[in-house]
Each structure stands twice: as structure tokens, then as C-alpha cells.
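Below, each structure is written out as C-alpha cells.
Look at the two complexes coming up: chain A is in both, with chain B in one and chain C in the other.
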Partner chain A sequence: MSNYYVRRTLRVFATIFAVATLTFGLIRLLPGGPFTQLRAQLLRQGVPASEVDARIANLQNINPNAPLWQQYLDYMGAVARGNFGESISLGEPVARIIAEAVPWTVFVVLVSTILMFAVGIFLGSLQAYWEGSRFDKAFSGLSIALMSVPFYVVAVISLYVFSYQWGWLPTAGTVGASVEKELSIPFLLSALEHSILPIFSYTLGGIGGQALAMRGNSIQVLGNDYVRVARLRGLADRRIATRYVARNAILPMYTGFLLLLGFRLSGTVILEQIFSYTGLGYYMFAALKANDYPLMMATFLVITVALIVGVYIADLTYSKIDPRISAGGSDEAY
Partner chain B sequence: MKRTEGDESSTLATDGAGVDWRGSASSSVTVTREERLREFYEENVLKPMIVAWSDSRTRLGLLIIGFYLLLSLVAILGLWREPSTSQAPRYLMLFENMKYPLGTTASGTDLAALIIHSTPDILLMVTSGGLWATGIAVLVGTVAGYKGGSVGRVLMSISDFVMAIPGLPLVMILAITFNPKNPILLGIIINVNYWAGLGRSIHSQVLTIRENNYVEASRTMGVSTPRIILKDVIPNIMPYVTVNFVFAARYVVFASIGLFFLGVLPYSDQNWGVTLNFAYNGGALFSWSAAHWLIVPMAAIIGLSIGLILLGQGMDRVFNPRVRTRLTGESESTASTDEKDTGMTEVL
Partner chain C sequence: MTAKQHGTADTTTSMTTDDPIIEITNAAVTYDGGETYVLDHVSTSIERGEILGIVGESGSGKSMFADSMLDAIPDPGRLSGEILYHRDDGTTVDVLELSDDELREFRWEEVAMVFQGAMSSFNPTMKIGGHFKETLKAHDADVTSGMEFARELLSDLYLDPERVLDSYPHELSGGMQQRALIALSLILEPEVLVMDEPTAALDLLMQRSILTLLEDLQDKYDLTMVFITHDLPLVAELADRMAVMYAFQLIEVGNREQLIGNSGHPYTRALLNATPDIEAPLEDMRPIEGQSPAPINVPQGCSFAPRCPLATEECRVEDPAFTQLDSGHAVACHHPEDARDEIALHFERSEESAPVSGGDDS
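Up next, the complex of A and B:
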């Protein structure tokens, strides 16, 4: 049993290591490679040709003239120390940019995903209770309609209506330009105001799928014998609803929640672009456009690590939450 | 996701498809090929179609998809004018001029022509992406699940790794690297790592399927592994795979249009996403008079995904005996703990 946890934890590190290697390879896949563009840029800025290589090494922690394996070791060593080099387009250490961007992204993704699940579970369980009723049919239709609207369409429409046409909410940014970046009431209010539209558009489309999943799960649980027995025992409806049905119906959605958190992190590339919301996805896209490889690879790695940790937590805790399922399990070879 | 081993009642073997298959194979000794084909057609094509058509949602989904196929036929046969700039007055509203029913853009391009002429490529991309994702997922999931042991572990480790790579950012990097203009290749690139989550859940289903008696019988009879997978395992997961094909296809629609909208993917002709991008950057956000420029491509995207989702829902209804038995009023409880729709796949 404990052996499984050790193996699983080791695999997390192995995966992160593999993804870091992959990013190293991807940099080299990109047109022109990591250095051509940068070299041209530095020369244009008037850096003497003799110093260009040193500057590149400084920016990316890689000596462009070293053999590939040496470059690889340097890169991995720097990443392991949390040193991602310096952003080419922004001229700041990548680690600092990311540290500033991560809280915004985490805030939006976490809040919208929790909201999405909460509303979806609520609607889905109501639908299951009144299965076949007009309410159920109407909301099933609504859920399907919501599922078919990509979040960026919601984002563009809400930006159009609420920000540009009605002027209720800000059109871009994470906080107002005049607000001090410190923990104060005006700062929090401004941050909240700026996050309403991104959170709203990232939540709305996801509700449908969760509601339908919850509805299906609940209907299935409601048909179980133990629910009938609970009814026969004369338990209160509220208790059956929460302790018997909701608990078992939500259970399979739990791993989905953690995985979705990770997946939705990568969706912020599109979301934050629309709202000019300076989070991870925003910088990832900006770096891609500006050929800013150090920043791009660092954002890629951070999003990946978040995803890996999400899956890891899901795997480890699922057997704790659902005792019917044992961790690891046997696998006999055929 | 965790395996649910030894949970006999949860196996998919009792599903409709499993029964169908066994029915046709046990009698295969005496019937002719033609009869078997007819039986196959009735069990796998005709009956599902009847069930599907009887459900209003599936019917609607089929009609919508049919409409898009019709649009692409119109484009291929050249029944509608090609889009070009200054072919019409600028900023015509919806239905303002019936010659250009969907209005025109800032450069005087017919929006209807833009939408119609990009439909074939989008459908091609969606199909190739869906086939790629489900094909690889079935291959990896069944082999890993059936073989188990070190083969299974290696395959699952690979899919865990692939699953850990964030989809959209990876697609963006690959798109810039390979610059794919071919819609088929583009569909594959967009779903390049979609198969991993699906493969993992197929794997956990196969783990229960392989414990079935008839699989064990085939094994002791010395039937080869590919044949067991093809004949004994895959028929059980087919319903699940078909439903997920639709969801993979929907993901291609969402992701591709989103990336076209951002301007990341290369394009030769304006498609829905590029039109959306032009509208967004062309100032359609600032005035009501250009709103249709945004709305028309959005409607095209939403329409296609509604069609796909309705179809997926209907397929679930066709294949899922749980839903089917409930519909017919039987109260048979299937105490199953299979985690089918728990979001293993990416959602946009």
C-alpha cells in the first residue's frame, strides 16, 4: 500500500523531469531555434557582436556554443533551481513575471471552477429529483445549449455588452490603473471588478456539462436499493438527499474537478487574451508572439506542473474518499 | 481514474452491444455470410437508428449535422459565390439585402460566403481530429487494459505523461512549428494529446471486461491477443467510444476556432475563427452596426457544437442500457460504479 504512494510520488517527479526535457526539445523545434531570433534582436539593439553570446548565455542560462548535452544539463540545472532566465521581450527575470502572474490565474480558474461545480451540482440534483418534469426538460435543454457555447464566445459577447456598450465593467487588466498594488479595500474591490467578466465567461459554459453529469449520477444513485431501504426506514428526505444521494453522486465528479482545474489552466491562454488579464496564459501567448522563449517555456512548465499535481492529488485522495476503491490494485499480465 | 476490479455488476459486458455480439457469434457456425451481414446491419445500424430517430434530441442533432454537410456540399459544388473583398456594400446588416442574407463585413465581403466556404475544411478537421483521438485511445486503452503487466504499465505511464502536457499551449507551439495548413493535419495536431485521458478511462473499463468468462475462454482456447481485443473487448466499449468521438470532435471545433480567433493557427482562407478575429479586431465590439459580423461566425460555431452534443447525448441514449431501461419504465437497478463521464477529457 505505502509502496504505491512512494511509486506514485516518484512518478510525479519523473513526469515533471520529462516535461522539462520536452520543453528543452520544443525550444529547439521552433523556427529559427532559440538563438537566431535573439541574436538578431541583440545586434539590432547595438550590442557588439563579441558580447552577444555572453548576453544570450546570461538571458537563457545556456551557452549557445556548448554541445547539446551541456546545454541540456545547464538548462535542467537552472530549472531545478527555479531559475528560468530573463524574459527577452520584457527584460525582467522570468521567475518574477510568473510570480506576479500566477495568483491572478489561480484566482480566476479556482473561483470559476468551484462556481461551475457548485451551480452544476445544484441544478443537476434538482433535475434528478424532478426527473421528467418540465423543469428537468427545460434545464436539460439549457445545459446542452450552454455546453455548445465556447467560453470565448461568452467572453466576447459579455465584453461587448457589459463593457463596451453599457460600460458597467472594465474592459481590460487585473486592477484599475490608479489603484496601488497593496492589500487594501480599494485594491480588492478593483480586482474583483476586473475579474467578474473573466470568471463569469469561464463559468457559464461549464455549468451545462456538470449539471448533466450530476443529473445522470443522481438518477443512477436514486435507483439503488439502499436509497429505497433508507426511504422505507422512514429517514427524513433531507437526510436521504444529502447523506445518501448527493454524496454518492458527487463522488465520481471529484477527480473530474481536480483534473478540470489543471485543464482549465491551459484554457486561460485564450481567456486572458480576450480580457487582457495579465495572468499565466496572457504571458504565455505574449511570449509566443514575441519569440520570448525563456518566458514561454517557463509558463508552459508552470501550467504543466499544476496539471501533474492535480492528477496526483486526485489519484492519492480518491481511494481515501471512496473506500470501495483500493489504491494501486493488482495487475496480472496476460 | 481508479480501477473497479472485481465489480461484476458494473461490467459493460451486460450492455446492449455485448449481448448483440455474442448473439451473432454463437450462431455463426450455421448461418451464411449474407445472413450474418443482415443481422449485423439490423443489430448495429437499423435498430440504433430507430432508437436514435425516435428521440427528438438525436433527430435534431442529425438534422443539424446534415445541414452543415449540406452547406459543405454547396461550397464544394460552387453553388454560392466565393468570398472576396468589395463584392457587396460594406456593413450590410442581417437580412438587410436578401442577396447577402447574413450581411457583409467592413471590407464588403459576403458573410454567408465566408461561412459556407469554410465549412468543408472545418468538417474535415473535426472528423480527422475525432478519429485520431478515439483511434489512438482505443488502441492504447485496450492493449494496456487487456495485456496488463509491464506492457500496461508502460502504456499507461506514456498516457499519463501525455495527459500531463497542457493541451492548448502544446498545440500553439506545434502549430507555430509545423505551420499546418492541411485541415486533416490540423485536426490531428489539435487533438494531439486528447487521446490520453480517453485511453486511460478505456483502460479502466477493459480491466473489468477482461475478467469476463468469455474472454477467459478465448484465452484458454489460444485465440491470439489482437483477435481477442478485436472480437471480445472492443465491442463492449464501442458505445463509449462513439459517444466520445462526438466529444472529441466538439473539442476540435472549440479549440481550433479559439486558436484561429487568437491568430495562432495558420490559414489560407478566412474561416469562422479568422472571421471572428477580424471582426473583433476590426472594431465590431464598439458599434451595434457591426455586431452581426461577430454574431454570424459565433452562430456557426454554436450551431455545429449543438448538433454534435445532441448527437452525443442521443448516442448515449442509444447505447446506454441504464438510460434505456429507465425510459421504458423498468426499475432494474444497475449498481454500477463506472466513472464514465467524470471529465477525464478536456473541456473548453
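Up next, the complex of A and C:
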């Protein structure tokens, strides 16, 4: 059994290694190459042409004139040490930019995904209990409508209505400009105020899908003999609803939850652009526009690693929450 | 109310018993507001301490009959009639008149039930022991002594109590789950145990051993058992009295010997002749031609008439009421004497090879 955990953990590192390699390769395939922009910029700044390569090597831990394998080894070595080089467009170490951006993105994604599941599971189980009722039918229709509206449409509309028309909520940023960046009540309140719209628009559309999934699972569980036997045994309705129906209906959604956490990190590229919310996705897009390769590579890497870790946690913990699955063998989520 | 007449008002059976624990009068289940019945005004009574075997083919209303004793018809079915339960202390309740809370107490404390699918009767994410504990708690019973009793029950059923209580359902075999489910049904010491095809999913060896265990349990805990099955030979070994269901009604009730050896209903006799028996010559095996009716086209008159070789005009018009053949043996047929004369039970000819091996203690 422990053998499985060791193997599974080693595979995480193997996957991350592969992703880093792929990122390195893909970016080198992009038109213009990684250092054209930087070289042009340095030249514009008046750095003598003879020194440019040395400066690049200094900034990016890579010697642009070295053979590809040398560049690759340098890059991988630096990444392993947490050194992603310096951002070309922002002139700051990439690691610092990422460290500042990640908490905002994680906050928005985590809260909105949890909300999405909580509300979806709650509404879905109500639908299942009242299967065929007017509420069930109306909400099923609404769920499908919600699913078909992309979150960025919700984002743009809510930004327009709540921020620009009614002026209730801020239009951009993670905290107010006048608020000190320290752990204080005004800071937290301002952060909350700025995150309401991104979280709202990132949650709303997802609720429908989770509600429909939960509805289907619950109806299936409700039809099981063990629920009927539990009723005959005189168990309280609340215990049947939680310990019997909810527990067994939520189980299949657990893996989906962890995977979605990872996937939704990458969705923030659009979301944070709309709200000028300076998180991971915001910087990724900025880096893309500015041909800022070091920053681009780092954001790619962080998002992929988040997904890998999500799957990893799902694999390791699934056997803990579902006794029928034993860790190991072919029971992995992916 | 509807075009279809269910000739049922007069089916007050003559199957009274001396000390009934459950008396069912005109129990009927409908899923469409009375258009059709999946339990068609059945009346019978169950003697305290007996094992009553109910036999019928698939879709004859056996499960509805079982469910009705606990007022546990699956939604949206409607159960009407009267189901009287006589307690030990002489008081009587009508199960259908109980409030929700009273019903919750009644079930499992007075009448418990074992379903056919033991494999799906346990919550897959909860240990077996948890099922026992929550049942005790739900009925405000003392958990410590209750769990002692659970261990005793499991030992009675030849299970290792500690291992089973600490297992998840999927960690037990089908036979173990079935026995654990029987133990769970007895945890509150009910008077009556209703078993709806408890052995259907088990192999033959396990069926035999469960049967033996049930007999032991009945002796030890003074249970009244209602054993519902389509397996006639199986229940014939166990039951004191037997009843045959056909097309949502009871058609014959009697002691085991009366019903097996001297049945008066053509269907019962045909059923006995259709029972596979390894010792009987193949040419003696007689399948019953035709199919049993669906609830929407139960024939007028006797529901077996279309398949019955002895059916007369009277059978097709008038639904036969129960008539007493011998003491405690009643049959719903217009021509029971003809049936006995015309339909020979094939095991009567080959004397020693009775289709049921239950004649050991007549």
C-alpha cells in the first residue's frame, strides 16, 4: 500500500518534469523566439550590443548562445531552485510577481468553486427530493440555461450593471488603491468588495451543472434498497438525508471537485482580464501580450502544477472517503 | 367506480386462526387511484408463532402483500383495507391507522422485514456495526446491551460478530450480508419477521443453510415468520402453513400437508406438477400454458380461468369466493373436487419421490 503512495508521488514529479520540458520546448517554437524582445528592449535602453547577451544570461539564467541542451539544463536547474528569471516587461523577478498574484487567484478560484459545489449540491438534492415538482422542472431548465451562459458573459454584464451603472462595487483591482497592503480589517473588507463580482460571475454558471449532477446522483441513491430499509428501520429523516443520500451522492463528485479546482485556475485568464484583477491569469495574459517569456513559462507551470496536485490529492484521498475503493491498482481518478 | 368489477367484497376468508397476530382484511394496493390493483383485496390471518409461506410467481403481488404488513408500499402506491396487529398484551392496533411516529416505532420493533437484495440493503459507506447502532438509537434503545444482543444474533447465524460489525458491506460475501441483514432485522426483538425472497440471490447451499438458521432462530426467539418466495419446494420445507398467490389475490390457503398433498385449486396443482424434480421423469413435468395476467387485464370471473383446463362458464363470469375444504384449508375455486379428480399430482404416482422433501414430520 505504501508502495503505491511512493509510486504515485514519484509520478507527480515525473509529470511536473515533463510539463516543464514541454513548456521550454513550446515556447522556443513560438515565432520570434524567447529573447528577441528582450534583446530589442535592452538595445533600446542603450545597453551596448556586446553586453546584451551577458545581461540576458544574467537575467534569465540562460545563455542565449549556448546550445539548446545547455539552455534546457540551465532552465530546468533554475526552475528546480524556484528561480524563474526576471520578467522582461515588468523588470521584476518572476517568482516575486507570481508569489503576489497567486493568493488572489487561489482565493477567487477556491471560494467560487466551493460555493459552486455547495449551492449546486444543496439545490440538486432539493430537486431530487421533490423530483417532478414544479420547482424541480423550473430549476432544471434554469440550470441548463445557466450552464450555457459562459462565465465571461456574466462577468461583463455584472461589471456593467453593478459597477458602472449602479456603482455598488469597484470596477477593477484586488484592493482599493488607498488601502495599505497589510492584514487589517479595511484591507480585508476592500479585498472582499473587489472579489465579489469575480467570484459571483465565476460561480453562477457552474451551479447549474453541479445541481444537475447532484440531482441525478441523489435520485439514483434514493432509489436504492438501503434507503428504503433505512426508512423502515425508523431512522430520522435528517440522518437518511445526510448519512445515506448526501454522502453516497456526493462521493462521485469529489474527484470532479479537485479536478475543477485545477482547471478553473486557467479560466482566470479571461476572468481576471475582465475585472483587471491582478492574479495569475492577469499576468499570464499580460505576459502573452508583451512576449514576456519568463513570466509566461512560470504562469503556465504554476497552473499545470496546480492541476497535477489536484489530481494527486484526489487519488490519495479517495480511498479514505469511499471505503469501497482501496488505494492502488487502477482506481486512480486519471 | 370503474368499469372493471373486482369481485372482492365477499372474499372474507374462512381462514381464521385461533390466536392470530396479524389479521388482514381486504388489503388492496393501487397505483392509479383504483383503476387497477396490484394487491387485490386480500384477506387472511397469521397465527402467532407460525411460519407462513407465501408462494406465487413473479408479479403475482407477493411483495405488495409483504409490504402491506408494515404499511410500506413504495410510493406512490395506495394501500387500503384493514391490517390488525394483536400485541402480546391483548391490545390491538390497525397498522393503517397509526400516526407517522407510531408507525416508525411499530416497524422493526413489532414487525421487521428482510428484503430480497441483501447486497443492496446496507449503506455502502457505513460499517455493518453502524447500521445496528443507528437502528438502536433511532428507537431509543440501550446501545450497549443492544450491541451485546447484536453479537449474540450474529453468533447464532454463525458469523464472527467482531469481524462482521467492523466490516463494510462490500467486504462480506452475499450469504454473510444476508445473515447480517437477518440479524439486523431482529435487533429490536420484533414479534413478526416478514421475509421477501430472502434467499433469491443466494446459491442453493446457502439457501439451505439460511433456512436451517431461520428455523433455529424461530425456535429461540419465538418468532412469527412470513416467508415469501417463488420457490415452492424451498418454503415447503420450512412453513407450517402455506398460501398461494395468483394474479394479486390469494387463491388457496392451508396447512403445508393439505396444500402440498391435497391441494384443491387447479393452479396449485399445476404449480406442483411444474416444479422441477430431479427424480421425476421429464415427461411428468408439466409447464402451465399461458401467462399470468397483468394488473390492467385481470380477467373477469376467476383470474385463472383462461389457463385452467377445468374452467366452465361459471368460472369466466363469477370470481370464486373462498370455500372451506377441510379444517384450515380454504380455496378460491368453483370446482375444487374436479381439480382433485382431474389433475393428478405426478408425485402421487411415483410415491417416494415427492417434489418437496418436506414430508419428514407430518
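The rule is simple: the second predicted complex is superposed on the first by the 329 of 334 C-alpha atoms of A that agree within 3 Å, B and C clash if a C-alpha of one lies under 4 Å from a C-alpha of the other, contacts with A are read in each partner's own complex, and residues count from 1 in each chain.
By our rule, a contact is a pair of C-beta atoms (placed from the backbone, for glycine too) under 8 Å apart; a residue touches a chain by one contact, two chains touch by 3 or more.
Model, not experiment: these values are computed from the prediction.
**Q** Specify the outcome, clash or fit, for chain B and chain C once both structures are aligned onto chain A.
**A** fit
**Q** Quick one: classify A:3 as touching chain B (first), chain C (second), both or neither.
**A** After superposing on A, A:3 lies clear of both chain B and chain C.
**Q** Scan A:243 for contacts with chain B and chain C and give back first, second, both or neither.
**A** Only chain C; A:243 stays clear of chain B.
**Q** Go through the superposed model and pick first if A:224 touches only chain B, second if only chain C, both, or neither.
**A** Both: A:224 reaches chain B and chain C.
**Q** Regarding the shared-chain residue A:318, is it in contact with chain B (first), chain C (second), both, or neither?
**A** The answer is first: A:318 touches chain B but not chain C.
**Q** In the combined three-chain arrangement, what's the angle at chain A toward chain B and chain C (CA centres, steps of 10°)?
**A** Reported to the nearest 10, the angle reads 60 degrees.
**Q** Does chain B (first) or chain C (second) touch A:235, or do both, or does neither?
**A** A:235: touches chain C, not chain B.
**Q** Of chain B and chain C, which one touches more of chain A's residues?
**A** It is B that touches the greater number of chain A residues.
**Q** After the superposition, what is the least C-alpha distance between chain B and chain C in whole angstrom?
**A** 7
**Q** Hey, what residues of chain A end up touching chain B and chain C alike?
**A** The answer is residues 224-225, 322, 324 of chain A.
**Q** For the complex, give me every residue of chain B touching chain A.
**A** The touching residues are 1-5, 57, 146-153, 157, 160-161, 163-170, 172-173, 176-177, 197, 207, 210, 219, 225, 250, 253-254, 257-259, 261-262, 264, 276, 280, 285-286, 288, 291, 294, 298, 301-302, 305-306, 308-310, 313, 322, 326, 331, 333-337, 339, 341-344, 346-348.
**Q** Taking the touch rule as given, give the residues of chain C at its contact with chain A in the complex, in rising order.
**A** Those in contact with chain A are residues 70, 72, 74, 104-105, 107-109, 112-113, 115, 117, 120-126, 131, 134-135, 138-139, 168, 170, 184.
**Q** Name, in rising order, each residue of chain A that touches chain B in their complex.
**A** The touching residues are 11, 15, 18-19, 22, 26, 29-31, 144-145, 147-153, 156-157, 159-160, 164-165, 205-206, 209, 212-213, 216, 219-220, 223-225, 252-253, 255-257, 259-260, 262-267, 269-270, 273, 284-285, 288, 296, 299-300, 303-304, 307-308, 311, 315, 318-319, 322, 324-325, 327, 329-334.
**Q** In their shared complex, at which residues does chain A touch chain C?
**A** 224-226, 228-236, 239, 243-244, 247-248, 251, 322-324
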